[in-house]
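Sharing a structure, written as structure tokens. Questions coming.
Chain naming follows the written order as A, B, C, D, E, F, G and H, and within any one chain the residues start at number 1.
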Amino acid sequence: MKLWVNGQAIEAPEACSVSGLLTHLNIDGTVAVERNGELVRRADQASTRLSVKDRLEIVHFVGGG
Amino acid sequence: MKLWVNGQAIEAPEACSVSGLLTHLNIDGTVAVERNGELVRRADQASTRLSVKDRLEIVHFVGGG
Amino acid sequence: MKLWVNGQAIEAPEACSVSGLLTHLNIDGTVAVERNGELVRRADQASTRLSVKDRLEIVHFVGGG
Amino acid sequence: MKLWVNGQAIEAPEACSVSGLLTHLNIDGTVAVERNGELVRRADQASTRLSVKDRLEIVHFVGGG
Amino acid sequence: MEPLVLGQHQFGSRLLTGTGRFSSLKRTHEALAASGSELCTLAVRRIDLGQTETSALLKALPEGMHILPNTAGCMTAQEALRVARLAREALDTDLVKLEILADPMTLYPNNPETVRGAQMLIEDGFTVLPYCGDDPVVCRELAAIGCAAVMPLAAPIGSGLGVVNPHVLRLIIDQVSVPVIVDAGLGSPMDACQAMELGADAVLVNTAIAAADDPVAMAKAFGLAVEAGYLSFRAGRIPKKPYATASSPIDGVVEG
Amino acid sequence: MEPLVLGQHQFGSRLLTGTGRFSSLKRTHEALAASGSELCTLAVRRIDLGQTETSALLKALPEGMHILPNTAGCMTAQEALRVARLAREALDTDLVKLEILADPMTLYPNNPETVRGAQMLIEDGFTVLPYCGDDPVVCRELAAIGCAAVMPLAAPIGSGLGVVNPHVLRLIIDQVSVPVIVDAGLGSPMDACQAMELGADAVLVNTAIAAADDPVAMAKAFGLAVEAGYLSFRAGRIPKKPYATASSPIDGVVEG
Amino acid sequence: MEPLVLGQHQFGSRLLTGTGRFSSLKRTHEALAASGSELCTLAVRRIDLGQTETSALLKALPEGMHILPNTAGCMTAQEALRVARLAREALDTDLVKLEILADPMTLYPNNPETVRGAQMLIEDGFTVLPYCGDDPVVCRELAAIGCAAVMPLAAPIGSGLGVVNPHVLRLIIDQVSVPVIVDAGLGSPMDACQAMELGADAVLVNTAIAAADDPVAMAKAFGLAVEAGYLSFRAGRIPKKPYATASSPIDGVVEG
Amino acid sequence: MEPLVLGQHQFGSRLLTGTGRFSSLKRTHEALAASGSELCTLAVRRIDLGQTETSALLKALPEGMHILPNTAGCMTAQEALRVARLAREALDTDLVKLEILADPMTLYPNNPETVRGAQMLIEDGFTVLPYCGDDPVVCRELAAIGCAAVMPLAAPIGSGLGVVNPHVLRLIIDQVSVPVIVDAGLGSPMDACQAMELGADAVLVNTAIAAADDPVAMAKAFGLAVEAGYLSFRAGRIPKKPYATASSPIDGVVEG
């Protein structure tokens, strides 16, 4: 199914969870995820199913002052 | 009648106007007057009748930075 | 005759005076003259005769701080 | 005999040496001595005999910047 | 000097003067006259009942002096509006120096309340000159909402410390489209000259004149220094260099 | 302003000007006239043979300008004496700015050689104004041997850094009995104003005027700033305080 | 040194470090280790899809380093809240450096929006360290609403100008009850030492370390300078005096 | 840090300490130990006859401390030679801090007499460290005649003003081939750090430690600050810029 991740359109497995999406995208470091503007708690990443056209923000940490 | 002028209680002639009050108080320089929190325009000073217990503020100009 | 003026060799009329040299060189502004390391007073410029190989310094005034 | 030490007149044993004077004055720390304006080397303190009215400077070290 | 333009008003001098803390009205008059200033601030205060003469200061001002009433003493936008209206009614001027302080100890301006006050006074028709912190964001906002100038402080009021932060003052001057009038904290004519050399459009001086040993001479000195700084900024100063450069020619020196 | 007294000479302006580095004689004339200066420095140089006009600069000076020849380019007292005598003979003045530099890179004065030179020139009858380091001991010695003034540097020649060490300048002013003329390194009118506010008797400015984008306006600005600083020093400035003091009255504010 | 207390957290070092602008993760690691810092800032950014390693920086931090995520890039309180929540979820920390800038050119903080943001984050349970202007009124307000510290700027971010306004910084330190952490604009260890000698509780340094020629040596130097300034402020420095006082005894000098 | 090399001697610390003005020998010991200094100055004075203990200070110095006797109190080169010889004889060291002052009020060095004294002491076999003015010409001359270092002042002795003229100090450091030890006038660790960041090889501190409220903590702070400044100078600081530069990345911000 089609999702928007960080402003880009991608294809993901149907009905995958947030955790599934991270695995699908090969992301395994320390990240945080927003779905449609709402924070997804880490404890809920496995149980949160995604729907077509969900907008996701996946962030990590970079150097800053 | 009793009026409050600049926080002080004073006696003024019954039903005197703002202009009358200024004359009564021997004030004749450049001043401005508020009556019960409302500015009294200069043009209206002669016609504005005061009532008992009116609160008046009479200000002038002093040195300032 | 040959003279050294400001480090340059020049030809001047035989036995000319300092004044004569200045005229010869078309110099007529405010200047001062040294002859062989000695200041020539202005009053003495007309009477001071030059000799062959005299070293002269002729200075004027330029912008400075 | 009378000596001048650091500007003061004192009495010292006749013909005593510089070392003797230091002992006489109970001085045993790190000091240096001048006799009549001349430095007395430490090696020479024992052998240097003093004479009447010799002027001595005895210095030590104090706090300074 | 080009005239200083504040809203609909123009002034020949770029030195604004305060009238507080002088030892007498005579001194006030003489000092203001010596300064060449054409615009001076006044404070609005309750008449002391029984006082025979009111606003004697107004009569003591030099001829041709214009008046800039301030809102000193106000801690809120609402109070400032009230005081500004009283001043406008009495003096027939739309000019007002908006001054809303945060506390009586530091006398620092309350910037957010000053922005609110400026909006209220502008809507009410005033030509607003707000005293404010030396904060470029605040100054930009005050200009954007329609103030006729901004008046950032050089240093705390009355401190005489001069321009304690020339970097931020330059930044403000670069970023703000309306005139910048440096207010508060100037201690001597050199400070005023510096502010003008940084590109300020004018300065406002009170304590440094009024509390000087000789206010009249000091007022004249400030007037000269402001003009010097105005000219200097426009004349393009030389750059600063860590090493020396000769001013007399290097060649042509007399030789032996 | 009281006149500046240098030996037997008196001057109405306390701004001395240099004449080097101007782009034209016309500019020199205009700038010096605008400055109000009454005393300007010149350098002595060999005539370039074949040059048609000599000392054209002299004719370009504003009316009433007095001349202070310098010994720029000299590295020894003996050379300075020689150059000073040439200048005196040509110009009929006993005034001389004694300048003996230590090296062509820093253009720092050679203080011990300057003291020697000053002694020689004073014995030869000159009114000597020595350019020197900002060293109170050197300045005291120069005054003690009979110099008509001392001319400590503000900063390296032509650097435009301003008064880099106000503490020592004040110390010099406190300790020296003859006039102190701050020379070299001033960059803008504010710097001149500062030097005068520290108590200097005069300043000498060259590069900061001549190399400004608009030398004429800058010259006028320096003239004003020097007068401002002169007046300010004598008018007794307010002390600097770390905290604020109100300029408007605290009492009598309008109340609700 | 006593520990630095920020809300429920304590830190042995009073040097906070930034992690931006380093040339490599290896350099980041080495410099942070050399600095002795125990708390470093990070920024929150979108993952670049296709990027193999995420948050590699986290693994590069020295052991024992705590993390202070920032809200850099946010222009509103709402955005800052959102970014802070993302950081908290990922990092299990309630600490956040609140940074809301007014514009991308000056990088000045938007003070009113920062106050709003601080209120929202505090209500949401964060330990908030707000980057703010050097405005005592703003700093007092931020402390009053419950910020765990205030972080006034020394100078514009990355400028390296040092403490451009020591007077106002001292005023803030005097008036604010929570720790004052000087943030932004420090250029060298001397600047950090100055901030601490003024009484700051800590400093945050990024560009001055990361962009130095040798970031590791510079990081160590900042660590030493912060400790020096901390000790110095508490050790009670000598007053400044315009004149000299001998350090060696005046009496007892050898005589002829 | 590389060792500080003074003639044939090497020292691990770049902080030289003075021993005057401490309240007790115990304090002297503790402070010098805390400073990490390996070289301290002493003054030579007449013994007070009847005094039981002489040179008690020597026993109070921390282990490993080397001694630098000074010639404080001398007004001529001849006196300085005499005092230096006394010190050498007693202490078995060729090191001497040459100090010839011009007057008891300013405590400014007499530079020409210092040059003469340095020549005499060098000929007599001393390793000479002369205290001198911040004059590049004098410093170059002292280095040229064979001094092992030059010790220009930061400010008047005991004033605590710090480096009042950083421009000339940098000039001296650029031009002098021997070590530059900044002596006199430093007020706080920040000043020492600044001197080292300007490129000084070492600093000498007395009053700022001895007269601090807590000399031991202050001594430690100076030791740290000197090392910080040493490292910083070599680590290549960032340039100063009038405008801001972001330390967090500009791209990749979370979007709505």
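Everything below uses one rule, namely that a residue touches a chain if its C-beta (ideal position, glycine included) is under 8 Å from a C-beta of that chain, and two chains touch if they have at least 3 such contacts.
What you see is a predicted model; the values in this text were computed from it and never measured.
The minimal number of chain-to-chain contact steps leading from subunit C to subunit G is 2. Following the contact convention of this document, no chain is adjacent to both subunit B and subunit D. A comparison of the A-G and B-F interfaces places the larger number of contacting C-beta pairs at A-G.
A repeat of the A-G interface exists among B-F, C-F or C-E; more than half of the contact pairs are identical by residue number at C-F.
Separation between the centroids of subunit A and subunit H, computed from CA atoms only, is 62 Å.
Separating the CA-averaged centres of subunit A and subunit E is a span of 56 Å. Centroids of subunit E and subunit F (each the mean of its C-alpha atoms) stand 32 Å apart. Looking at subunit G, residues 18, 20-21, 43-46, 48, 70, 72, 82-83, 86, 106, 108, 156-158, 161, 167, 171, 206-207, 210, 242-243, 246-249, 252, 254 sit in touch with two or more other chains.
In subunit C, the positions touching at least two other chains are 7, 34, 57, 59, 62-65. Taken pair by pair, the chains that touch are A-G, A-H, B-E, B-F, C-E, C-F, D-G, D-H, E-F, E-G, E-H, F-G, F-H, G-H.
Taken together, the subunit H residues at the contact with subunit A in this complex read 246-249, 252, 254-256. Note for the complex: subunit G touches subunit F at residues 167, 170-171, 242-243.
Touching subunit A in their complex are the following residues of subunit G: 18-22, 28, 41-49, 52-58, 67, 69-70, 72, 82-83, 85-87, 89-91, 157-158, 184, 204, 206-207, 210. Remark: subunit G residues 18, 20-21, 43-46, 48, 70, 72-74, 79, 82-83, 86, 99, 104-108, 156-162, 187-190, 193-194, 197, 206-208, 210-215, 217-218, 220-222, 224-225, 227-232, 234-254 touch subunit H in the complex.
Residues of subunit G touching subunit E in their complex: 102-103, 106, 108-112, 115, 133, 135-138, 140, 155-156, 161, 164-168, 171, 175.
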